[in-house]
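Chain IDs A, B, C and D follow the sequence of writing; residue 1 opens each chain.
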């Protein structure tokens, strides 16, 4: 015990509360998105109501895209923290910066519904996704550079690979930002592509899950 | 320890964070529902206020039905994950799909209040409940097919039984969708029936609770 | 281990997830209350803005009262579950019924602000508090009757005492409901009295905290 | 075991549920802030939309400041509870008082957007921050005075140092309240200064993190 204390200054903090707080923030964000789905309040017939429901299809699509986005980053966050021994002060703040960007998502998602057919909401949504994925990559970079935070059995090579994979999402979202004002469909396809890639192959899965003690 | 790592590739991940995230999402959904309960802002007397409160009885009823629905699925989720050894990537995403459908609930619940007496909101609410219960059954099917996720003492027979029970809710909600436009009361009765059935006999209770280590 | 399984049918389930879900719901309810605090949007001067802030004093008061109410029941819930060995199906549903009543709180709290000076919002708020405290007492009654849920060192006498204490809040809130339409101030005093009593002497504190293993 | 029970009356309660509840409240508050970011609904061109986005820059700034504020107090809360052995009834209620003040934050944050250029919203925001930081300092003072709540290896000197550091934030926010009506920029700079100070040097980090068992 005495020995433990002596070396503790350089030991990472347990990450359970960071995970709980992040889970809370991501759970609230992913659930708040539905508040952006609304029907006008002056409809008079059943037919008009159904027409209005089909009319808000873009809003529903934006909701699904944003939901998939937040879920993807929750899954990544889950695997990333599973690969860590613990956290330190720097990681706490970088995680906070990541959450700042993620909590921004409902704003552009709501704009897509408020201004259907406009390019600006899509650009903003892609921009927020770019920032969120960049800050996530930054968090991973920090952990990779501060090797002591990583679980012992994660090799430098595995960590580097996960780092490269973490750069894919921001690169794709940067393309989506560029495309959004010239080719709406292209931007949406990219936004759907990222969760799909992660769905088929979660980055860092191999770096962490394989070796994680139960 | 070395042995443990060697076999870990086929071992499931601990499910504590999936449970925490799902608890968070379900807690936010179940609480957001109350935001749909509102009174008009132009009432002038105490009597008018009370009349308005009784006037929104359908909204209050929709709120109770949706609350009971989300609570039922939280209880089922609780028992289902208690019957698992852990999760894997597939289950993480299926759980996400289940949450997508559950977070949709406040939208049709709000519509019932916004358009009282209309059939469409009720059809939409039944439809969302159908999707949520289907995705839950899908999650259970996945775990049953990937036997390694189930706790050892859960027999194939118990798992199959829980699977059959999980098909009851979607079947009933499909009836509610069909009924909603021709017989409002019938649809509501079915919506109340599902939580009642689960209340009297929680599916998978026997498959998990009995044998769950404390 | 074999023995453990054999007797498990009568053993309670661990209560960690019920606590987490309840914490989530209570955290969302207590935080949503602030959404009811709003200023009109047509103010033109700094002075008008400050006047409007003082004008919504009743809303702020209702917010503090409702916050104290939810916090009191969170503290009670905390001590109550600390006195349990675990939960069973009945307790899960009773806890859900308690949460149903608690999530209702933001509606009458918002009405107090929407209709200042009216008695009906106060009656409704007292009524919701009455229902919530009754359902909490019901939950405790259930646990007291199903002795196997209680931690071994909690004596029947201590449980009965906690039960009696749990009946105080509903009795007081019933008075508040009765008073609210004839004596506004009296009803508010009672609403403030309950958290104060719990603050000075948390019921079941002695029944649980004393003996709870760390 | 018998011995443990005998001395338990003076032992603190485990703090896991207080942490979970506080995490929930702070997660909801920090996420709700985004709901205050809105665009007018009568814009007709892409250019008008972009102009509107830049026009709400003060709202975005207020959102970032409030986010940083809540995050800072979450980090402090995290380190503070990591330095505790457990909680008692007094700390539960003081923590509730701290949460009351924190949940207030979205109201003045929303006002900054509703009344851009006005001083009153900034004064209110600084005032809420002052109250929250004061109640946090109060919580720490309570724990310092009730030494038995602190982990054994935290020296009286370290606790006193953390106490002094905890007094810096309220002092700065008091200045912000005073400045807000005469020098808007000065008040904002102070509001940004506090998270920055905490970012560079988290108070109580040394008092707790160093010695905290993993």
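Keep in mind that, in the parts below, contacts are C-beta pairs under 8 Å (C-beta built on N, C-alpha and C of every residue); 3 or more make two chains touch, one makes a residue touch a chain.
The shown structure was predicted, so the numbers you read here are calculated from the model rather than taken from an experiment.
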Copies chain B and chain C touch via same or different residues, half shared test: different
Angle (degrees, nearest 5) of the CA superposition of chain A onto chain B: 90
Longest centre-to-centre distance from chain A, chain (CA-based): C
Distance from chain D to chain C - Cα centre to Cα centre, in angstrom: 25
Separation of chain A from chain C, taking each centre as the mean of its C-alpha atoms, in whole Å: 35
Touching two or more other chains - residue numbers and ranges from chain A: 20, 23-24, 27-28, 32, 35
Parts of chain C lying in touch with chain D, wherever the complex brings them together: 19-20, 23-24, 26-28, 30-35, 37-39, 41, 43, 46, 49-50, 53, 64, 67, 71, 74-75, 78, 82, 153, 199, 202, 205, 209-214
Interfacial residue positions of chain A with respect to chain D in the complex: 4-5, 8-9, 11-14, 17-18, 20-21, 23-25, 27-29, 32, 35, 86, 89, 92-93, 96, 99-100, 103-104, 106-107, 110-111, 114-115, 118-121, 124, 181
